[in-house]
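Just below sit the structures, each encoded as structure tokens.
What follows is subunit A paired twice: with subunit B in the first complex and subunit C in the second.
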Partner chain A sequence: MRSFDFVAKRVMFAVVTVFVAITLNFVLFRTLSGDAVSALRCRQCTKEFKEYQRQELGLDKSKLEQYKVYLEDLAHGDMGKSLRSERPVTEELWAPLKNTIPMVALGTLFSIVFGILVGVVCAWRRATWADKTGLWSALGFYSMPPQWLGLLIVLFVAGAVGLPTAGIKDPTLGILGDASTWDVLVDRLRHMILPALTLGLVLYGEYALVVRSAMLETLGEDYVLTARAKGLSNWRTVRTHGFRNALLPIVTLVALSLGFIIGGSITIEYVFSYPGIGLQVVEAIDQRDYPILQGAFLLLTLSVILANLVADLLYFKLDPRVST
Partner chain B sequence: MSASVQTAAAAEGVDVSKARRPGSIKSVVLSEKTAIAGLLIIAFFVVIALLSPILVPGDPKEKVGPIFEPPSASHWLGLDGGGADMVKLLIAGTRVSLLVGFCAALVSALIGGAVGLFAGFYGGKTDVVLMRMTDYVLVIPDIPLMIVAAALFGRSLTNIIVIIGIIYWTTTARLIRAQVKSVRERVYVKRARALGAGNGRLIFKHVLPQVAPLLIANTVLLVAYAIFAETFITFLGLGDPSVISWGRLIENAFTDDAILNNAWWAIVPPGACVTLVVLGATLFGQSLEDALNPRLRVGHLSVRRFQVRPLRGRLDSE
Partner chain C sequence: MRRKTAIALAILAALILASAGCGGSSSNNATGSGGSETGNAVEGGILRVGSINYIDSFNPFHYIESQAYNAFIMLYPQLVQYDYQNGAYVIVGDLADSWDTSKDGKDWTFHLKSGTKWSDGQPMTAEDVAWTINTTVKYASGPTAVMAPALAHVKNAEATDPTTVVIHYGAPVGNALAQLEQFFVVPKHLWEKYATGDGKGLKTYAPEQDIGSMVTGGAFTLKQYEKKGTTVFLPDPNYWGEKAHVQAVALTYYTNADSMIADMKSGQVDWVDQVPFNAVDVLKKDPSIVVQQIPGAETTNITWNSNPYKDKNRELLDPQVKQALSMCVDRDKLIEVVFNGYADTVESLPGHISLYENKDLGPLEHDCAAANATLDSLGYKKGPDGTRMVPATTGKYAQPAHPMEYRIMTPTSLDFNGDRAFEIMKEGFAEAGVKVSQWVGGDSTAAYEIETTDHCDPKTNSGYTGWDIAMWDWVGYVDPDFMLSVVTKGQWCSWSDTGWDNPDYDKLYDEQGTTVDEDKRAAIVQQMEKMVYDNWLYTQLVEEQYIDAHTSGWDGMDPHLNAYAKMYWTEPHKVG
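Moving on, here comes the complex of A and B:
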């Protein structure tokens, strides 16, 4: 019963939040900003053409009616058409999304592994030089703007390690005969490494700091003292008594930081001209392609809401003490 | 419980007896090394910002030599992509970046403080409505929202300040609400009420002074985040084109192809300034908040240490 109540509550909250996000999306783009057509950068467009476009987009109707139409369209998975390419927004977002996901996943994986590793070592060896080094490196990366870190990596690291700094594939690949699947895969990965590393380093700072403080706190608990008094080895104490419990806040943190991951990846993709959703957003801003921007914003918001829900449920699953 | 407090505190080099007691800002600052370091960094940049009209008279964008000229005796950090002196640009940028940081943090603190104060003090329906609102805003990813808002509302410094300000108030609201709820139940507040003090008097005379130090600590953290956010918005070409900020210098370096010219001096300094200020404000604000808010040091959920990003506030308020 308890679990049903909890899950129902969280799901309800997520559903209402989705609705709030959709409404916010509508309000931001349709009422506060004038309309998409007058913002369109188009010198040769005649008045008649713009009027026609408005009718086409349904901008001549009342706001309430527009809202209804907007909701209906969304329910059918229709987010309108890009003003630039005239192709459906869903299509325009799907392709870059497929590029973004592996890059972001790689970066997040990197940060989780190193964040946990450094955080645990720091907490275990607290107040030693290892702790200080770890703590300050984490604080440093944590304070850096991601785009700047990206530029530094392009400037100082890329040349030394010989990795590409722009785009997603080598244009010369496959010119001389067909490239094998393996070659294509390796090429993809090479282009992914530096942006993923940038994202990973920024997140690493945050994760290491949180893991460290969560571990510090659990290591100070009485049951850890008991474990040591029982004569358990250091490794076993840290792993089963310390880390197991410190894992709780870590799991939530990782799921909840998706919002920041997304934000950071926008500027990082821009720096590395990596054709993902972030670069798509930057181009949409540049060319005032509001439908794309609107679609991307909705997509990002929905994924964050979903991640929040997953975090809540996961936390509930991991920690039997949570009841509300 | 107390063991965990002591180990955590000992690791930070904090005097536990002081850290547990919500004290004055002054005593905290003087007792923690990290707080002093953070304060010194902030103070350094504030002085530069205040003196910038004297340090850089005239137009900092003035062309004084060939583009991307390397550092030399006359231009310590070389020239940027427009042939302007990097040192002058940085000093001018300090002023704008700090202005954005402090003003946006102030907007956030005002909104968040007011929401937290009312929700915590009145409780009941007011609390439910205000906190629900806060929850919804908290879930919307902040950076995309800022980008969209900046793209829609046009590129002015005021717009950027307001946009950053109205997005970052949520964590403040939750923090202050939790604190107000505990202060409200204290005996002296109940006595004051029994003596006939009205709500207005109770809030401003008895509750607010108790939560003010925490609000200030939180505002310092917000400054760091606002400066960070400004570099984001500006980097995407949504900054105010008429002013120079650190964010703009990073953007200029990128769009002027400083990388192709191997002009590290155009890229490294502005980002280093942002990093330093964010580090300083984080150290200072975090030390203050930890010392002033005893809730942070206890309980298994205190994820919040060293966490400025928008996800905070969700876990600590329960």
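Moving on, here comes the complex of A and C:
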């Protein structure tokens, strides 16, 4: 029964958070100066064209009416149409999302693997050269703004290793002949490596530091001392008694940092001209494309809330104290 | 475990080593202005173009981005287009071979090339031209509003035979050919199904969503479209004009110029259509890259709020005050520091690119002593802290005595270092005893909202309050009509960023628009430029140079033709 209460409370909390986020998404972007029509800065955008567009896009209606329409549409699963391209928001977001997910997944995987490895090694070999090197590298990458690190990689690494710095596809691939699936796959991966590496390095720093700290705390516990006294091998002590108990803060961190991962990918995608959700958001802000912004941030909100919900439920599994 | 840690450390080491080893440079291989012809032309090859502008649409009735306009030039026929010959822009035929006009200037007859075809093999005739014109005029206040300005004053068009089209204007139009240069013809047999009812289909049709059924009639066809990636164009075998030398043009969008320049240096881009000022010197040192620089069309200015109905800081409506403050700004320093030397001084609003530039304006001298003398003579005495005071005034727009302290708004979307430019202005203004602070106005949209103000309405003369000085830019065009329009009352709350209201100027604007005689029109235009200059609506600071770069394996690129002619992409070729 207590388990049911815990899960129900968490789910209710998530639902309320989503509704608040939906409303905030609507209000916040409209506090920006101008709208999608006044954002049109082209020579051919005459007064007549702007007036016509304002009517067509419903921007001549009051904010309250626009909010009602937004909620009604959302209740029907319709996120509206982009004010710039006039295509459905779901279509406009899906294509960039498809590009972002593998890049973010690759970067996150890199950061989790290396963050945990370096964190564990640092704690295990505390105060040795391995600890110092790992600690300083983690601090270094953690303190770097993602876009700055990205620019360094563009300027100094890309050329040296022969990897592309922009887009998701070689401009010449498949132009004069058909490209095989393998060629396309390799090409995509090549374009993904540098942005994923940038994201991965920044996250790696954070993960390594937290893992190191959690491991140090755990390795100082009495039960670890007992395990050592029992004659368990060093490796087994670290793996089964240390690492397993240090997992809780790591799970929380990964879930909490999902928002940062997507947020961080905005600047990284901008640096690498990577046509993902981050680039789409930057463009939508510039163009005051409210439906795209609302849709993108709703997705972000949902993904963060979902990740936190999953983390809560994982806690339920990992930590018996939660359910008792 | 240790091995994996070592890998992570190796990556860190590689980053550091790479950064240490990549700072070298090589010798200079820059060219002067204009395309150079070296080596033998070789047919074929994929021309990889890098750009910081993207294509948002392939529908000429519904687009916003300038790169889309460039794509239309390559994909759709125009009656006429610009060419750059002997140091000047001239109108030449595209689909039209020749043209003539009636004595009253109201009827223009275009004689089209014969035997022309669309990309699907259908014949391209005068009927296509007449239909596109009549459809654009029919829906001008709605779905075709974007292309309608190119047909200002057009009543209708008729195809008198398959190769002759007559355009009837309601009034003589001084710049009819320059306007038609911005008009694209679409195939009637594909588009007429969208021109029914309220015509919304004309706007919502997105050819790029089904490239296979897209019909074009220019030098290229569309092979592949990625809005934020690479768009590929193939030469159209049905094109009637000079065929392209290349097998394909792959236009790649970059969100930031640094990546684009890095890709060019590493051989992944052949041609960059706009090089940022801070990258020019680096590219010039690379022997495998050819840099071309020409006078550009973009001018940077101090924009003065010239709304005659504004209620604060009205001393800034006085042209003498604006001129005096402008004289304290060191434009040469601005060019050297902000634009790395890749800009020139400019005086007129439409700039050097304009056909009718008034060359008698200015030049604005950097003479702050004279400026101080002017301000002294106007009664703006310096206070104890060195800041000048404005005496109290009476009357409808009475204002109390106040120090000459202002905010200068700078948008964040400038393509140069606005903060540094502001500092140079601030230094100059301080010499004149005027204190200024920077007001970062946000992106273009936010900054423009500040300029025009909420609830802007020309009928009640409301708007254009709450700011005094801004720093921004304009991009001029060969025909000065648009640039002249931006200070008319008709553009209040739209393109006007000064809030000026001068009926005499507006009358001249209308007059130049209907003056067919070129010399007479030039005289009116130059008179208008002088009015803008004498009233100091803008202090024109500099005109940015337009700089492009290509690798030495290519040639035939002429930056003058960018956004003007199909030759811009048909002439480039590999060199053997």
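We take it that the second predicted complex is superposed on the first by the 282 of 324 C-alpha atoms of A that agree within 3 Å, B and C clash if a C-alpha of one lies under 4 Å from a C-alpha of the other, contacts with A are read in each partner's own complex, and residues count from 1 in each chain.
Operating definition for what follows: contacts are C-beta pairs under 8 Å (C-beta built on N, C-alpha and C of every residue); 3 or more make two chains touch, one makes a residue touch a chain.
Remember, it's a predicted structure, so these values are computed and weren't measured experimentally.
Student: Considering only touches as defined above, state whether A:151 meets subunit B (first), subunit C (second), both or neither.
Tutor: A:151 sits against subunit B and subunit C alike.
Student: Per the contact definition in the header, classify A:117: touching subunit B only (first), subunit C only (second), both, or neither.
Tutor: In the superposed model, A:117 contacts subunit C only, not subunit B.
Student: Of the partners subunit B and subunit C, which touch A:281 in the superposed model: first, second, both, neither?
Tutor: The answer is first: A:281 touches subunit B but not subunit C.
Student: Considering only touches as defined above, state whether A:242 meets subunit B (first), subunit C (second), both or neither.
Tutor: Touch status of A:242: no partner.
Student: Who does A:256 touch here: subunit B (first), subunit C (second), both, or neither?
Tutor: After superposition on chain A, A:256 lies in contact with subunit B alone.
Student: Quick check on the superposed pair: does A:195 touch subunit B, subunit C, both, or neither? Answer first, second, both or neither.
Tutor: neither
Student: Give one of first, second, both or neither to describe whether A:164 is in contact with subunit B, with subunit C, with both, or with none.
Tutor: In the superposition, A:164 touches subunit C alone.
Student: On the A-aligned overlay, A:139 touches which partner chain: subunit B = first, subunit C = second, or both, or neither?
Tutor: first
Student: Per the contact definition in the header, classify A:175: touching subunit B only (first), subunit C only (second), both, or neither.
Tutor: Only subunit C; A:175 stays clear of subunit B.
Student: Take the contacts of subunit A with subunit B and those with subunit C, and give the residues found in both.
Tutor: The overlap between the subunit B and subunit C interfaces on subunit A comprises residues 32-33, 140, 151-152, 154-156, 270-271, 282, 285-286.
Student: What part of subunit C is in contact with subunit A in the complex they form?
Tutor: Contacts found on subunit C: 1-2, 4-5, 7-9, 11-12, 14-15, 18-19, 21-22, 46, 48, 56-57, 63-66, 140-143, 145-149, 182, 204, 206, 223-224, 226-230, 232, 247-248, 250, 252-256, 258-260, 262-263, 265-266, 268, 442-446, 448-450, 477, 482, 491, 494.
Student: Please name which positions on subunit A make contact with subunit C in the complex.
Tutor: 32-34, 38-50, 52, 84-87, 96, 113-114, 117-118, 120-121, 130, 133-134, 137, 140, 151-162, 164-169, 171-172, 174-176, 197, 201, 204, 269-273, 275, 279, 282, 285-286, 288
Student: Within the complex, which stretch of subunit A touches subunit B?
Tutor: It comes out as residues 13, 16-17, 20-21, 24, 28-29, 32-33, 126-127, 131, 139-140, 142-145, 147-149, 151-152, 154-156, 206, 209-210, 213-214, 216-222, 225, 245, 248-249, 252-253, 256-260, 262-264, 266-267, 270-271, 281-282, 285-286, 293-294, 296-297, 300-301, 304-305, 308, 324.
Student: Within the complex, which stretch of subunit B touches subunit A?
Tutor: Interface residues on the subunit B side: 3-8, 10-11, 135-136, 139-145, 147-149, 151-153, 224, 228, 231-232, 235-238, 247, 250, 253-254, 259, 262, 264, 267-268, 270-271, 274-276, 278-279, 282-283, 300-303, 305-307, 309-311, 314-315, 318.
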